[in-house]
Each structure stands twice: as structure tokens, then as C-alpha cells.
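Two complexes come next, and they have one chain in common, chain A, joined by chain B in the first and chain C in the second.
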Partner chain A sequence: MKILGISAHYHDSAAALVVDGLPVGAVQQERLSRRKNDAAFPLEAIEWCLDHAGLQPEDLDAVVFYERPMLKFDRILISALRAFPHGRAAFAHAMKNSLGEKAWVRGLITAQLGVPRDRILFTEHHQSHAAAAFLTAPTRRAAIMTTDGVGEWATLTVGRGERPAGGPIRIVLDREVRFPHSLGMLYSTFTAYLGFSVNEGEYKVMGLAAYGRPTMADQVRKVIRRTSDGAFALELDYFAFHTTVAQSYSRRFVDLFGPPRQAYEPIDLATPEGRRFADIAASVQAVLEEILVDMTRGLHAETGLPDLCLGGGVALNGVANARILAESGFERVFVPPAPGDAGSALGAALYADRIHFCNPDRDVPDHPFWGPSIDDDELARLAGEDGLPAATLNDAALVEQTADDLAAGKVVGWMEGATEFGPRALGHRSILTAPHDVALRDRLNRDIKYREEFRPFAPVVPIEAADRYFQLPPGGARLARFMSGVFPVRPEWRERLAAVTHVDGTARVQALERSMAPRLHDLLEAYGRRSGLPVLLNTSFNLAGEPIVNRVVEGYSTFRRSGIDVLVAGRCRIVKRARARTSLIEELA
Partner chain B sequence: MIRRRGRFHRQMIVLSSMAGSTLDLVQGLWRGPSGRRWLVPLAVFLCLTGAVLILAVTVEALAPFVYAIF
Partner chain C sequence: MQSPLSSVHRWVWRNARRRAKNLLRFAEVEADGGRDLVRAAEQTQDPLLRRLFLLHALDEQRHADLFRKRGLALMSTLPAAPEAASRTDWLTPGERGLDDLRVEQERDGALLAFLHLSEKAAARDFTHYIAALEGDPPTREVFEKVVHDEAFHMNYTRAQLLRVAPKDHGRLLWMARLRRLWSLYLRFAGALAAVIGAVVLTLQYFILLPPFALLARRAWAREPEGWTPIAPERNGQGGPSPLKRQY
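Moving on to the complex of A and B:
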């Protein structure tokens, strides 16, 4: 069967194609449209998936949308009525927003793709998250927890999944927490309060948290209380997201935590105000972890299963994931490379395949590289047009040359194969540099990534060597496969890994298995032979405010506009002209 | 390649699908366990409003008249 999954209309839309039970392509719309977090109907992403598989829309057996728009409309309507008369403006905005296009997804898909109405299916939002987490994980039975801002009504679900060999596949979500009570909305509210963009700046809150102490955890516990059934409830007087689109928190929230940070104010951690913001970030992070650990501990006791699959945007919180692994009792925790809404496109397609159509189970390849591949000849052509010398090398020579570049303190743009599906660069669209040099890290922040100083960079290390440099608990390497956990750097290596060690001594490490990205694995080993340390700083190949690069031309453009020294795409390598000249002069001298 | 339809054609398809989607919503409210049957008239009214808004986008000549209502 050929099943297309679509997620759209909230943030980060995407398409994924499943043929005969296996994904053949999945890509976020932003990578093709070049608009960060593009939420529009993902026509380009769909077109790429179909072209990649050589299919026409009429060849599809089903198109599955990742949530039920009418159930979502029901929630928006009820929430607006509950808030009446306070939310009059929000009501008008929500109705205009929903009724213009978002509610009529069946018609929209028919209009855009020409697929008959009876081939269009819908899954529930958290079913899609659960399927994306469970059906892609290498486990037969697992407990499942999905947590995000909000889907239709649910904001958190717990349940279990089973895919016995030859037997029926089941995903059962037993219980849910419903809007407006939401861990995702809690975190987003603090994100807004701390002056960052909602749905984008949550990483920054997590990064900032390491600089603070959870001195205001009791205040956070006032705005979110635990309920007798083991769940939680927001004290809605402190929030405004459920009554207005303009504000996430209420005046009472400000009375409790003090004045919010304005987005244009820099965070100076040397000032009391800067430390207050860091303490607030640390406090909400601590309470979030506390609730997640407690709920997963309960889920473990209830299911008795050794494996846990986490889905939803909150599963991007690597600090919380690591605590869940350490304290919940689960032996292994699986987080897919795209646990957020984009990944739900794949989840919806797999759910329809396995559960709706009852197709036999198949193991999904355990990697994130489902997007468009680069054209190996493109970089040489682009560089030629600009008169830049380009070298085309074989794999071994390219790896050795790049390891030399990295050992010489250069910043390398690294593109190979298919792009990652999900928000993280896991080795195919990365900026790489040496992990020891704090000056290089600062240069990356200042000249290349243009981002806040307090945000950490992540390391990538061969899985065989991961335990030597990082304190990975049992099961930690699995969590580190897609950079989904934050673990301590071993104290004796912190100085030599200074550029990737956060202020609290941790790192969001990627433990790379050779089969997943063989060439990057070779590069790590080659760099290790030179430096004695097979670890590299790995950050996504993009500039601030832009999506991760997809095609070589975008990598080349980023290379030209930033302080990246060397660009490698496929087998081709180019260096910045100024540096090439300097090297030549040095050689002549 | 996906065959691109004109905007008018696309919007007409969306309009023609609205009855079915509205019916889904009404059925959900009617059969739901939370006793929200009283919401059905409002939901239908809002869906009709949505239809009028989409009509305004589809047939631009109608837009001034439609927006004048709001």
C-alpha cells in the first residue's frame, strides 16, 4: 500500500510517504520552502515524496492527516465560549483562523492533490505522536507517553503499544490530560515570559536553565498542581493562553514571578535580573522534570514493561529525557528523531498502515535520513561559477583532508546524502569543528550561528567511545542516538571538551553508530587519530532564523555568508578564498 | 508531478467538501458523551460563515459584499 502522511497548519508542516509498510521519504516543508517552521499545507514536501517514489497522487491508496480538524475546531469553539466574555477578540481570531482553511482539510487535500474523498483519513494528534514514537522504535512492546502543547483536546497521553511477530499491532492510549492543562503550554508560557518565541525558543529556556538554580520551583508548583490521579492541572488564573492569542500569562503570573523579560533585552547573567531569569528557567525545568519522572514512574509500575517510547514536542527536552531514563525504572527510552508535529506525518502514515489497514508489521530502518539527497556534482559547479577552486576527492582522502582541517581549527560545513527528518542535524547537514576550543565556540556563536552565548553546542562521538567521555547510564547510548538526552561529560575530559560542555558539566551528546553515517564515523576516527579525542562539535547547518540547509546551493550560500572556512558536499571540498590565499602564501613562504 | 489546479477550481472543491465536514462536526457533537448538543446550531452557523468567507475568497467580485456583512 502507498500511504501519504501529512502534518500541517500549526507549526513545522511535513509530509511522509510509506510504501508497503516502510517509509520511503519524509521531509519538513521548511526545508523546501526555506521558511523556518513553515506551517503551510506542505505541497512541496508532498511533491518531493511522490517524485522520490515515482508516484502520482492517484497512485496513493490513502492520504492521512495527522489530526482531526473538526475535533480541534470543537476544542477551539468550546475554549472560546468558556472564556467568554474575556476572549471576544480571541474568539473572532480563532474562528477566522480555523474556518478559513484549517477546518476543511479533506476538501483541501482533494483540491490540492485530486485524491478522492474516500481515500482521505484522519488520525488523532496523539495517536500520530504515539505511532511515530512506537512504530519506528526497535522494540516489540513498550509503554508510550506523548506530551506536547495541545492536539485536538489531549495534551498528554499514556498507554502502551504491542507489535508481536505475526500478531495484530496495537496502540492503546488509556488515559489523557486535556486542554488547557498542558505541560507543553506551561513550558511555552515560561518561554514567552522569558522573552523568547513560543514554539521556537524552548531550547533556549532549557539552555538558560543550566545557569540558574531552581529557587522559584515552589512558585512554579503554585501554577501547576498535581492531581490525585497522578496527573496535573494548571491554575488557570495565572495563564492567558486559553483566553487570548496575544498573551500566554496573566497579570497574576507577573505578580508571582516579577516583570517579564522583553525580547530585545540581552540576558546578562552577571546582573541580578539576568540571574533571576536563569533561576526561573531552572525552576520550570525542574518542575517539568519532576512531573515527567513521576508520571513515567507510575507508568512503569502500571505496565511493568522495560521500554518506554516518548513522543510529542516535550520529548525534545533532553534534560528531562535523561532524568526519565535514570529515575523512572524503564531500561530503555526511545525518542524518534522527529518527535514533534513534523514527525506526526510519518506517525499518521504508519498508524494508518498498521492499525487502520491491518498490514503486517515491518521494522522501520533506525535512522533519521529520510529527506532529499544532495547532488554530488553541484558544489563543483557552483564553486566553478564563482571562480573558487574545488577539489573532488575519494572518500578516504576527503575524510583525511577534513580531519586535517578540523585539527587546524577550521569550521567545516558538512553535507552528505539525504537530509535528516526532524529538528536536529545528525551528521548529514552539520557544521563541525573541534570540541576543545572555547574561542571556536564563541566564534561559531558570533560569526556563524549568530545566537545567544548561553546556548550550548552538542558533541558527536562514535558510540564505541561515548562512554569514555560521557557518563551514559545503561540505555543512555540509545537515547543519545538521535541526540535526545543530556548527559554529564566525565570530569577528566571537561577541559578538553570545553566547547561542547555546558556550564553545568553536561552535553547533549550524539552517540554515532557506524552504520548510520559511515563517513562521519570515519571522520571522527580520523580526527581522533590527530587529536587523541574522537569527538567533534556538531551543530545544525543553518544561520539564525533559517531552516537547516537542504540542497548544496543552500549550503554554499550559507558558507559564503558566514564564517565557515571549509565546505564539504558529497566528495567535493572548497575553502574560503581568503583562507586559500593565506594557505598558499604560507606554503610559498 | 502534482497537477496544479486554478485557485477558483481548488476553492470550489473545498466549498463542496464543507457539507461533509460540517456533518462530521455535528455528528461528533451530537453523539459525544459530554452533552454538547446545544452547540450544534452555533457550530452550523459558524461553518456557514466559513463557507461565506471561502466564497468571498473564491469569487472576488463578491468579496466587498461579504466583508460588508462583517
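Moving on to the complex of A and C:
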């Protein structure tokens, strides 16, 4: 069967294609449209998936949308009615927004792809998250928890999944917490309060939290309290997201936490105000972890299962994931490389395949590389046109040369194979550099990534060496496979891993198995032979405000505009030639 | 030449908070413009244009940094205040003015014509702002640096337009002018439609919806907090698969 999954309209839209039970392609729309967090109907992503598989839309047996748009509209409309008479703006916005396009998904898919209406299916938002987490994980039975801002009505669900050999596959979600009570919305509200963009700046809150102390945790517990049945409820007087589209928090929230940070104000951690913001970030992070750990502990006690699959945007919180692994009682925690809404495109397609069509189980390959591949010859052509010397080397020579570059303190743009599905660069579209030098880290922040200095960089290490440098608990290497957990750097290595060790002594480590990215694994070993440490700093190959690069030309333009010293794409390598702007203008004139 | 809007410009730029906010907004516009140019560089098949667009993109990024730094410096001198009530975006357009650039849909010639007109308009506007900023030499200096680069941008876009469309450049420039006008009209019409829509929906909200609002609130009050069980049929148990439904 050929099943296309689609997620769209709210943030990071994506398409994924499943053929005979296995994914053949999955890509976020932003990687192709080059608009960060592109939420538009993912026509380019769909076209790529179909082209990649050599299919036409009429060849599809089903197209599955990742949520129920009318149920979502129902929630938006009822929320505006509940807020009466204060929900006027939300009502107007909801009507214009939803009735314009978002509520008519069946018609939209039919119009865009020409697929008959009866082949269009809809999963529930959290079913898609659950399927993306469970059906891609190497486990037969697991407890499932999905948590995000909101889907249709659910904001958090728990249940369990089973894939018995030869038996029917089941994903059963038992219960849910409903909007407006939401852990994702709680975190997003603090993200907005701290002056960062919602759905984009949550990483910043997590990074900032390490600089603070949870001195305001009690205040956070005032805005979210635990209910007697083990769930939670927001104190809605402190929030405004459920009544208005313009503001996440209310005046009472500001009375409790103090004035919010303006988006443009830099955070200066040397000032009392900067430390206040860090303490608030630490406090919301601590309370989030506390609730998640307690709920997963309850889920473990209830199911008695050793494995837990986490889905939804909140599963991107690596600090919380590591605490869940350590404290919930689960032996293994699985987080897919794309736990957010983009990954739901794949989840929806897999759910339809296994549950709706009752197709036999297949093990989904355990890697994130489902997107477009690079053209191996493109870099040589581009460099040639621009008069830059390019070297085409065999794999072994390229690895040795790149290891020399890294050992010499160079910053390397690294592109190979198919792009990652999900928000993290896991070795195919990465910027790599040495992990020991704080000056290099600062240069990356200042000249290449153009981002706040409090945000940490992540290390990548061969899985067989991970435990030597990082304190991975049992099951930690699994969580570190897709950079889903934050773990302590062993104290004796912190100085030599200074560029990837966060202020609290932790790192969001990627433990790389050779089979997942053999060439990067070779590079780590080659670098280890030179430096004594097979660890590299690995950050996504993009500049601030831009999506991760996809094609070679995008890597090349990023290389030309930033402080990256060396670019490797496929087997081709080019080196930066420093030129003054005036001499460039003269040459081009 | 003095702008007919010089007194408006003086009013807009006189207030330090407004000045800071405009500069920060310009920083965003320049950064966005830079990203558009990067995209143009990645799309074109012409190596010379690719290099020029990338150079231009770097200039835009530098301008964004200049505007942001100056805006933040101004902000830091002001007492904390809630968001200003008045918005002056439309009185002081940034470099792309009121236009959106759709790089993927453009051929090189049309894109160059569009960029040429944008740069020309920006240079003109920024020169007027310089005149209105006589009381703030550091901000004035920022605009002077930017205007200096705009001269290069105007020249190269014109020269390249003549190169890639030697017989067609006049028509392309006129098309670009008309498109800017059309875009202005669409923005105006869109804004007007949004206002009319908001008025109609607001009337509906207050006239038609109160009974439904009452019902929704009463139902909400009865809704228990905490966990809600998920019905088996939602999991596809004990009935037909629910995947055909949108609700």
C-alpha cells in the first residue's frame, strides 16, 4: 500500500510517504520552501515524496491528515465562546483563519492532489504523535505518553502500544488532559514572557534555565496545580492564550513574576534583571520536569512495562527526558527524531497503515535520514564557477583531511546523503568543530550562528566511547541516539570538552552508532586519533532565522556568508578564501 | 530635495522610543531582505549574479546589525515602558517598503528590476530620514553608512539588468513599477477587507452568539478537571474505524 501522511497549518508542516509499511521519504516543508517553520500546505514536500518514490497522486491508496480539522475548529470556536465577552478578537481571528482554509482540508487535498475524497483519512493529533513515537521505535510493547501545546482538544495523552509478532498491532490511548490545561502551553507562555518566539524559542528557555536557580518554583506551582487524580490544571486567571490571540499571559501573571522581557532586550546574566529571567526559566523547567516525572512514574506503575515512547513537542525537552529515564522506573525511553508536528506526518501514515488497514508489522529503520539527498557533483560545479579551488577525494582521504582541518581549529560545514527528518542535525547537515575550545564556541555563536551566548552546543561521540566522556545512565545511549537527552559530562573531561559543556556541566549528547552515519563515525575516530578525544561539536547547518540547509547550493551560500572555514559536500571539499568587500566589488564591477 | 513628507518624518523620528522601535523594525526588514537575496543567489543559474546577490545579502545583514545595535543602544537609554500605542510602520517603510519578494517565482531580469526600484526607493527614503535626524548624530551616521551601500546596490542591479535583459530592461522596470503599485493596492484592499470582516464578525459575536456562549460556559463549568477517559471507539475499538471522519 502507498500511504501519504501530511501535517500542516500550524507549525512545521511536512509530508511523509509509506510504501508497503515502510517509510520511503519524509521531509519538512521548510527545508524545501526555505521559510523557517513554514506552516503552509506542504505541496513541495508532497511533490518531493512522490517524485522520490516515482509515484503519481493517483497511485496513492490513502492520504492521511495528521489531525481532525473540524474537531480543532470546534475547540477554537468553543474557546472563543467560553471567553465571551472577552473573546471577540479570538473569535474574529478563528473565523477568518479556520474558515479560510484550515477547516476544509479534505477539499484542499482533493483540489491540490486530485485524490478522490474517499481516500482521504484523518487521525487524531495525539494518535499521530503516539504512532510516530511507538511505531518507529525498536520495541514490541511500550507505554506511550504524548504531550504538546494542543491538538484538537487533547494536550496530553497516555496509553500503550503493542506489536506482537504476527498479531494485531494496537495503539490504545486511555485518557487525556484537555485544553486549556496544557504543559506545552505553560512552557510556551513562559517562552513568550521571556521575550522569545513561541514554537521557536522553547530551546532558549531550556538553555537559559541552566544559568538560574528555581527560586520561583512555588510561584510556578501557583499557576499550574496538580489535580487529585494525578493530572494537572492551569489556574486560568494567570493566562490569556485561551481568550485572545495577542497575549499568552494575563496581568495577574505579570504581578506574580514581574515585568516581562522585551524581545529586543539582550539578556545580561551579570545584572539582577538577567538573573531574574534565568531564575524564572529554571523554575518553569523544574516544575515541568517534576510533573512529567511524577506522571510517567504513575504510568510505569500502572502498565508495568519497561519501555516508554514519548511524543509531542514537549518530548524535545532533553533535560526532562533524561530525568524521566532516571526517575520514572522505565528502563528505556524512546523519542523519535521528529517528535513534534512534522513527525506526525509520518505517524499519521504509519497509523493508517498498521491500525486502519491492518497491514502486517514492519520494523521501521532506526535512523532519521528520510529527506532529499545531496548532488555529489554540485559543490565542485559551484566552486568552479566562482573560481574557488575544489578537491574531490575518496572517502578515506576526505575523512583524514577533514580531521586535520578540525584538529587545526577549523569550522567545517558537513553535508552528506539524505537530510534529517526533524529539528536536529544528526550528522548529515552539520557544522562541526573541535569540542575543547571555548573561543571556537564563542566564534560559532558570534560569526556563524548569530545567537545568544547562553545557548549550548551539542557534542557527537561514537556510541562505544560515549560512556567514557558522559555519565549515561542505563538506557541513556538510546535517548542520546537522536540527541533527545541531556546528560552530565564526566567532571574529568569537562575542561577538554569546554565548548560543548553547558554551564551546569551537562551536554545534549548524540551517541552515534556506526551503521547510522558511517562516514561521520570514521571522522570522529580520525579526529580522536589526532586529539585523543573522539568527540566533536555538532550544530545544525544553518544561520539564525533560516532552516537547516538541504541542497548543496544552500550549504554553499551559508558557507560564503558565514565564518565557516571548510565545506564538505559528498566527496568534494572547498576552503574559505578571505576577501575584502571592496576587492570583491572591484572584481564584480 | 526636501521631501513633501519632511514634517511627518520629523514627527516620526523626534520621539526616541519611536526612533528605537523603527530602527529595530528596520533591522528585521533588512535581515528578511538578506534572506530573500540568499534565496535568489541559490536559485539563479548565473554565477555572476549569484556572487553579487550573496554580496548584497551580506550587506543587508550588516545593515540589520547596524540598525539593531543602534536601536538597542537607544532603548537602553529609555525607561521601561509598555508597548507604545501608536505604530508608525506605514509612515516609515524599510528597504523593501510594502512589497513582498517572491524569489522562487522571479526570473533574473524581473528580480533585478524589482531590486533596483526597491534600492532606489530605500535610498530616497533613508536620505529623507537623515535630514530628519539632525538631533541624533549616531543614528544619522547609521543611515549614512546604509545609504552609501545602497548606491552600490542601485548601480549593480541596473548594470546587471542591462546585461541579462539588454533589449527588455525598460519593460521590466515598468512592470516592476506597476507591480509595486498593484502590491500597494492589494495591501490596502486586504487591510480594508480585514477591517470590514472584523466589524461583521464582532457584530455577530455580540448579537448572535450570547446564547451559545452561555451554553458553552455552562458546559465548561460542568467539565471535570484532570484526566478525561478516551472512549474506546476513538481508538478504533468496538466499531468502524474513525479515520474517515474530520470531527
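Basically, the second predicted complex is superposed on the first by the 578 of 589 C-alpha atoms of A that agree within 3 Å, B and C clash if a C-alpha of one lies under 4 Å from a C-alpha of the other, contacts with A are read in each partner's own complex, and residues count from 1 in each chain.
Just so we're on the same page, a contact is a pair of C-beta atoms (placed from the backbone, for glycine too) under 8 Å apart; a residue touches a chain by one contact, two chains touch by 3 or more.
Just so it is clear, the structure is predicted and the values come from calculations on it, not from any experiment.
Looking at the shared chain after the overlay, A:Lys96 reaches both chain B and chain C. Shared-chain residue A:Asp74: touches chain B and chain C both.
Of the two partner chains, chain C is the only one that A:Pro266 touches; chain B does not reach it. Judged by the touch definition given at the top, the superposed model places A:Glu47 against chain B, while chain C stays out of reach. By the touch criterion defined above, A:Asn394 reaches neither chain B nor chain C. For chain A, the partner that touches more of its residues is C, with chain B and chain C as the two candidates.
By the touch criterion defined above, A:Gln112 lies against chain B but remains apart from chain C after alignment on the C-alpha atoms of chain A.
In the superposition on chain A, the residues of chain A touched by chain B in one structure and by chain C in the other are 69-71, 74, 78, 95-96, 105-106. By the touch criterion given at the top, residues 1-3, 5, 9-11, 13-18, 20-21, 24-25, 28-29, 36, 39, 42-43, 46-47, 49-50, 53-54, 57 of chain B touch chain A in their complex. Residues 24, 31, 35, 38-39, 41-42, 47-48, 50-52, 54-55, 57-58, 61, 68, 71-72, 75, 80, 152, 156, 194, 197-198, 201-202, 205-206, 209-210, 212-214, 216-217, 220, 223, 225-230, 234-237, 241, 243-247 of chain C are the ones that touch chain A when the two sit in their complex. Every residue of chain A that touches chain B in the complex is listed here, in rising order: 43, 46-47, 50-51, 56-57, 69-71, 73-74, 77-78, 95-96, 98-101, 103-108, 110-114, 117. By the touch criterion given at the top, residues 34, 64, 68-71, 74, 78, 80-82, 84-85, 87-88, 91-92, 95-96, 105-106, 118, 121-124, 127, 157, 159, 171-178, 181, 227-233, 259, 262, 264-266, 352, 355-356, 385-386, 545-546, 551, 553-554, 557, 560-561, 581, 584-585, 588-589 of chain A touch chain C in their complex.
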